[in-house]
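Consider the two complexes below, in which subunit A is the common component and subunit B and subunit C are the respective partners.
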Partner chain A sequence: MSCSEGASERKVASAPAVTPADYHGTVAHVRRITPEQYQNTVHYIFGRDLEVGNPFAPLRRTDGLVAAGAASAGVTTGELQQLQRSASSIAAQVVDKGNIEQKTPSRRDFLVPCKPADPAVADDACAAKFISQTSRLLYRRPLPDARVTELVATAHKGTTDLKDFYAGLGTVLEGMLIDPKVLLIADVVEPDPAHPGKQRLDAYSLASRLSFFLWNAAPDDALLKAAEKGDLFDAKKRAKIVEMMIASPRLEDGVRAFFDDMFGFEDFANLAKDPTAYPMMTGAVIKDAREQTLRTIVEHLLVEKKDYRDLYTTRSTFMSPALATVYQVPTKPGWVPYEFPKDSPRVGLLTQISFLALGAHPARSSPTYRGKALREKMLCQKVPAPPANVDFSALENPAASHRTQRDRVDFHLQNPVCAGCHKITDPMGLVLENFDGAGRFRTTEKGAVIDVTGTLDGKNVDGPAQLGQAMHDHPALTSCLVRRLYSYGTGGPLTRGDNPAIEALNKAFGETGYRVPDLLRMIANSDAFYEVIATPVEQKSADAGAAQSAAAH
Partner chain B sequence: MMDLNRRRVLRGMLGGSAVTVGLPLLNVFLNGNGTALADGAPLPVRFGTWAWGLGMDEAIFVPKTLGKDYDLPEEIASLKDVKQHINLYTQFNGFRDAAPNLCHKTGWVIARAGIAPMNQTDYPGETIDISVAKKIGTSTRFQHLTATATGNVRDSFSYENANSQTIADWSPIQFYAKIFGEDFQDPNAAVFKPNPRAMVRKSVLTGVMDSAKDLQQIVGADDKARLDQYFTGLRDLERQFDQQLTKPEPRAACVAGKAPKDEPAAGLDYTLVGKRHRMMTDLLVMALACDQTRVFNMAYSQSAAATSKQGYDKPHHTASHEEPVDQKLGYQPNTSWFIKQSMIEWAYFVEAFTKFKEGDGALIDNVLIYATTDQALARIHSIENQPMFTAGRAGGKVKTGYHLKGDGTPGTRLGLTCMKVMGLDVSNWGTQSNGTAKEIGEILV
Partner chain C sequence: MKSMKVWSTGAAGAAMLLASSAMTPSAAETLNIPGLQNGTIGFVLTSSAWGLYQTPDGKAECPEGFNEGPREQFKALYPNGGTVEGTQLERESAARYPMDKEDNFAYREVKGAVGIGMNLDGKVGANDFTSPDGVKGVDNQLYRAIGCTRLFRGPDGTYAHFTEMWVREMGFNRVLVELTGVDSLENDPQVDVTLYRGKDKLITDASGANIIAGGSNRVEDRFSKRFTKTLKGKIENGVLVTAPADLDWVWSVFYDHPGYYGIKQARLQLNLAPAGDRAEGMIAGYTTIDTFYQQLVRAWSTHHSSYGGLSQPSLFRALHRLADGIPDEKGAMTALSSSIQVKFVQSFIEHPDAKVAAVESTTKTTVEPARR
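After this line comes the complex of A and B, so read on.
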């Protein structure tokens, strides 16, 4: 959907404006596009049925986000080779003439906006049309005419050499798909006429920042047009555009991508359980566990627009037949809304299989992993790494007296060397011991009744429902979300200079009743979001901006 | 196993046998002595790495004797059939100096990059495989191939620099497609047909290069280095397109075989990891036989190995910390069992190189493989006396079949030795206490 769709019937939200008095702007970044952003962009331009693959090297999780690691990632030699192979495949699909027998569509008929008179002969006008349209979306800004002319000439030569117009065009598309200006999202900076002495992102970079933040994809045609017209520098118009973007179904892609990153769901790719211990943990269950949490988040935050904190106390979720075998509840085919009953121990995200199974060993639960995940992923707290020289011999088991995980980890809490860190993780992790390593409910372990009392930062809790409530009430829960979202939106790790904006957003988020769409809106509309302090991509003057921008992109 | 093996029995190697009877490089491909290619170029020497996690239990890993006829304690008993092709190095040390001992990181980073990292999130900088690839990897289609048996793209011990981890190929099906898919040119094909798209693609790269130059002119200093890295990749791509226009040298042992149809499901059960390891190994060795690369990396496990076995509730790493020492045996039996599995796979890896005939010997004669781990005794995260191996004779430059001890000298001596053997112009390697200018001369011919 373009950002113009649905705009007319929605009002600009009345979320408080966030203009911290002492902000310093954000750091300008050159970040490598993520695999999901690349795929979403290709899918937007050419259709969701295109196979893109994942030709990218993994990013380093930085300050709690994989996306923040993009600000320091390079493109390796091997990676570029894989990208070229992927680009070749994408280009071949785009210009594919189709095959009736194999039931593959003739994509060229609808993805190339014109037809050459003779498909074996160059048609510069048609090539120019395709290249101009496609490059604008891929490069996230229009290419200078001279560059388009060069690409048309390359397509002409390719057509002549290969005797095939579409093959010539395809090789030019391959080149665009591996161009560093496509793979690296460079913040282009220019002087801010509204704030003399300060700098801002140029309009296209701001469009990209907004789009990757809210949609996890490159700007669409309408957003680029808005950038072209300068609308993004008009506060009222920008607010309206942001509102349209938030109203778009593509917001769901963005929100899913953010929480997938924040909650470390990339670990699902390699999650497997011991089939002896957990025979019901099939690949379908693992896949659906991730999906269940993301569906719960989207429904709760975007559809019902509820308080973010309530995600930790809600009994509402979605159920699939695969998951129902682990939750041991009746369900219907497909995904259906599901409400855990009042007497169910399932309360909030911490009791969903995604959190419980990721925070566990292949064949048993792990209070330590769960406590660590809760603190690091949801509260933005850092759990120190274990000391290297600890002798774990006193932890040896099985000891006859060690029947529950509490028995086993109790050693950590009694040993002063271990207790320093384990007191941070275990007391709340143990509260979730009613759920085994697969996330199944249990009340006993090896015949012993499981004790689910514990604490979270001074608050005593008894059972998962109270832990969920303690999380709900924890002040770090919401400030963590603000930090992560702001970092995600600005494309890199936070700096001290971001603190005033973060503080202002924390306050304003509370005033909205912790509604995430309001937080997204406030971040996207805040001056701090487009004012920048560093200048990795500089422009000499506002007047020269267009020319320089064109030269750079 | 996959079809590849059956094909190799027929065409190039004797699958599953310790006897080397693969088809020789045809005489027309070699000089009169069988020691060089027909055009006089010497048989290429390849460099590779292999990694396993969680070290060893010294009491049952380190041989009591040194030199040629060393004993094989139970953790390395599986190396019996490849003993003559490997060297074992013990009592070499990693030094952290003022850096913290980062669990499951400090040890392998010292071994692969010669430095003690300061924190868990730091990338190590250029690893040894990349240094060697820059020297010897520029004439083949892939500068290096990097694979993991864990199924996780992140489990790579190879880094181009402090910002960039090398992608680990983890899927045998995708690995086959990458090496032997559409762009593969069979060096033994009767007719050479240069790919006409290669020339067009190369001309497209000119524009991409210009675009990168535009960007480089206006980014900040920190990001220029990232663009320099991109330029390096672009030039390598250009070189590859050139190569596609050139008829490759025949390689008699090269038989691409059929693509695997199935691959192990996700998971770290040792059976899955082992199967994945063998499939990736077979593909990797065939890639070498086809001269698609001369530098390679294989990771059997990640550093804090999470390999598991059905019915035992602790993965390897957890077991290393929580399993009691069996008082009768004197070691942790399950933890040791995992190490033994690693060594079984190391033996498989080495043996795979013995099965390809090359010249008057086998591929193992023309490789040097450097195998490292992340700890000595994982239970206490010790990095002193981390065991290391090499395999292969590096074109006759390295003696094999020895157990050598380092008497507490830097383990980086072995990395330095490897680089020198591979022709790198380095006089020393490593930083601070890990810095060394002293190679391990005992293994050099």
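After this line comes the complex of A and C, so read on.
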């Protein structure tokens, strides 16, 4: 579905004013495209069957988000080599003539919008058509004519040298795929005519910000057209476009990417459990645990449009055969909706395997990891790192009398050096001790009955259900989501200057009943979303802007 | 495998469990049994092998050695070779029509006194074995017939090896056992035991080597109702036993060739783990010659038989010679007493008429009981 299609008929939700008068906008960023954004973009342009690979190095988590770390990332020489290999592969797939025996399609027939009269001879008109169309989507804005002419000349030379029109085209595409202006998403700014003295993103940068925020991909053709026409600076038209983007199935990609980032699910790539301690923790379980939580979130927030806080008290989720062996419940093949019984201790995201297994050691649970994750990922609170000389011996070789994790972590509280931080993490982590390091339910540990009482910021809780309710009622839960989403959308860590916008969004989010689609809509429509400060680049030249902006950062 | 040892010894094992974990009896009664819901618990077959008692060198049970197979017989019959029709095809024909020609090759039967199985006829006769743990009167004439043929001997006889492997890897031979009306896995005077054919894959653990308990499997009832059979049973000291009944035991041979063994007066005897996650034991009864031999002829080629010293024509005669059950109208025995050693893990069994059990589970007994 195109960006503007049907938008006029669709009811546009009202977007509360969330920009206080004294707010001056976000910092302009240059950020590296993430692997998922790169893949989503390539798939949108050329089709989902293309093998993209993962040529990117991991990003450093910053201010709670990997996406925010993209604003301070570079591209190393080694990474560039990987990118070049990936780009070469993608380009070869795009111009592939296909092979019936190998069952590969002739992609050139439908991805190149014209055919040369002779495939061994250069056809500049056809090359120009392909390069213009493709570059606009890859660079997220039209290239200047002069640059297109240069690329056509490069394709011409490649065709002549290789005696193959498509090979020549492929070399140009390969070059575009690793162009810094493609790999780095630069906020290009311009004076804001509506607010003299202020700066705003230019239309194409705003299109990119919206698209990466809501779809985790580069803008599509319709969104670029809207940018070209200036519709994004018309509040009413932008609201319609945002509404359409929220109604698009691609919103699921965006929401999944955000929560995958916020909850630190990149750690699943390195999650390993001791097969002796947890034989049920197979690769399929680990993969499905991540998927289960993301499905739960999408269903709850986007399909059912429910209160974000209820994710911590809901018994509704989805089940797969692999996960069912850990949850110890019956299921059917594939993913099926699942409702935990009312007297089950499984309540909310904190009792899903994704949270429990990530917050654990390879062979035992960890109240500390779980408490830390709960505070940092979901409440945006900072837990200090342990001192470098911490003594783990009491945990690694616990006394025989220390049968439960509570017995073992109580040791921390006897040591003043440890107690300061462990009082922050352990009291709520211990409430989840009915779940072992794989997330499997248990009532005893080494024969001792597990005590699951604890506290969360002064509130006494007894068991996972009460902890879920305490999370639901915690004021930092929703404000944390607002902070993370705003940071995610604007492409970098928050600054003190963002506080007025955050406070306004917090209030407005509450008034919507904590509906996340409404929050997305409010952020995307707010003036704060496209007003910028401390601009590193103040000109609109698409050709020079990105590179200069990258250099400035 | 300490835990296996504990639970496989029934009542004594339960006592050991209590003692070793210093639990009180009341605590033991509240052992979490996730697989037992509303008095129902299911299991899926993960291992099966004909009950053959084997000593390391085989001399105790096969003092005359092991049987010769197609290669040796071919060499003896056709020392100078011959036409394809007169040699190879003749032997292929003999496998399918074993009574068309005489077969004068010596056939080595089990001569030992120890056998695995049950006392099916309630008698202690001259041909009966004594079980490894001392039970007399064990009937297992199939063991006598095939126990000295390398093909059937574990762990590396090709028949034993592949059938064991295919229980896990193939789809047709997915045997489900569902116990209903269960009050206790330790003692229950009356339970219903129903066998089904399942249709879902088994789930392995992180090592990939073991089938894990707690999976789910759907009953295949579109084409497999013939394999559904309900038996009357009881549980005593953690051991499930069922009353005799005729049934077809689904068995897949050689790359998913669907098949079965007709077992008359079959009965199950399974040691149930207290946690309900495993069960192992045997099924014993009279296996019909027709179904047993048909499995071999349909799916076990001369090529494979040659690797295990199996002459199908010679075996055919032995099966009839040793048959001890289910006489036909003329009084000829048509089946052999036998046993199959089986292992199961707990599996949730999904019935075709059930909606998504997961969604409905709010109405069921909780799997993970609320913390007390």
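Observations, loosely collected:
Criterion: the second predicted complex is superposed on the first by the 524 of 553 C-alpha atoms of A that agree within 3 Å, B and C clash if a C-alpha of one lies under 4 Å from a C-alpha of the other, contacts with A are read in each partner's own complex, and residues count from 1 in each chain.
Throughout what follows, a residue touches a chain if its C-beta (ideal position, glycine included) is under 8 Å from a C-beta of that chain, and two chains touch if they have at least 3 such contacts.
Values in this document were obtained by computation on a predicted structure and should not be read as measured data.
The superposed arrangement places subunit B and subunit C next to each other on subunit A without a clash. Once the two structures are overlaid, the count of subunit A residues touched is higher for B than for its counterpart among subunit B and subunit C.
Contacts of A:332 after superposition: subunit C is touched, whereas subunit B is not reached.
By the touch criterion defined above, A:282 lies against subunit C but remains apart from subunit B after alignment on the C-alpha atoms of chain A. Vertex at the C-alpha centre of subunit A, arms toward the centres of subunit B and subunit C: the angle is 80 degrees, rounded to a multiple of 10.
In the superposed model, A:382 makes contact with neither subunit B nor subunit C. Once the two complexes are laid over each other on the shared chain, residue contacts for A:346 go to subunit C alone; subunit B is not touched.
Of the two partner chains, subunit C is the only one touched by A:443; subunit B is not. With the two structures overlaid on their shared chain A, subunit B and subunit C come no closer than 11 Å at the level of C-alpha atoms.
The intersection of subunit A residues touching subunit B with those touching subunit C, taken from the two complexes, comprises 275, 283. Considering their complex, residues 100-103, 106, 120-121, 123, 142-144, 146, 150-154, 160-161, 163-167, 178, 183, 196-197, 199-201, 203-205, 207-208, 210-212, 214-215, 218-220, 222-223, 225-227, 229-230, 232-234, 236-237, 240, 265-269, 306, 308, 310-315, 318, 321-325, 379-381 of subunit B touch subunit A. Residues 21-23, 32, 34-35, 37, 200, 203-207, 210, 212-216, 218, 348-350, 356-359, 361-362, 364, 366-372 of subunit C are the ones touching subunit A in the complex. Subunit A makes touch with subunit B in their complex at residues 30, 54, 56-58, 60-62, 72-82, 84-85, 147, 150-151, 154, 157-158, 161-162, 167-168, 171-172, 174-175, 178-181, 183-184, 186, 269-272, 274-277, 283, 361-364, 385-386, 388-393, 395-397, 534-539, 548, 551-553. Chain contact summary for the complex, subunit A toward subunit C: residues 273, 275, 278-284, 319, 321-322, 324-333, 336-346, 434, 441-443, 447, 452, 463.
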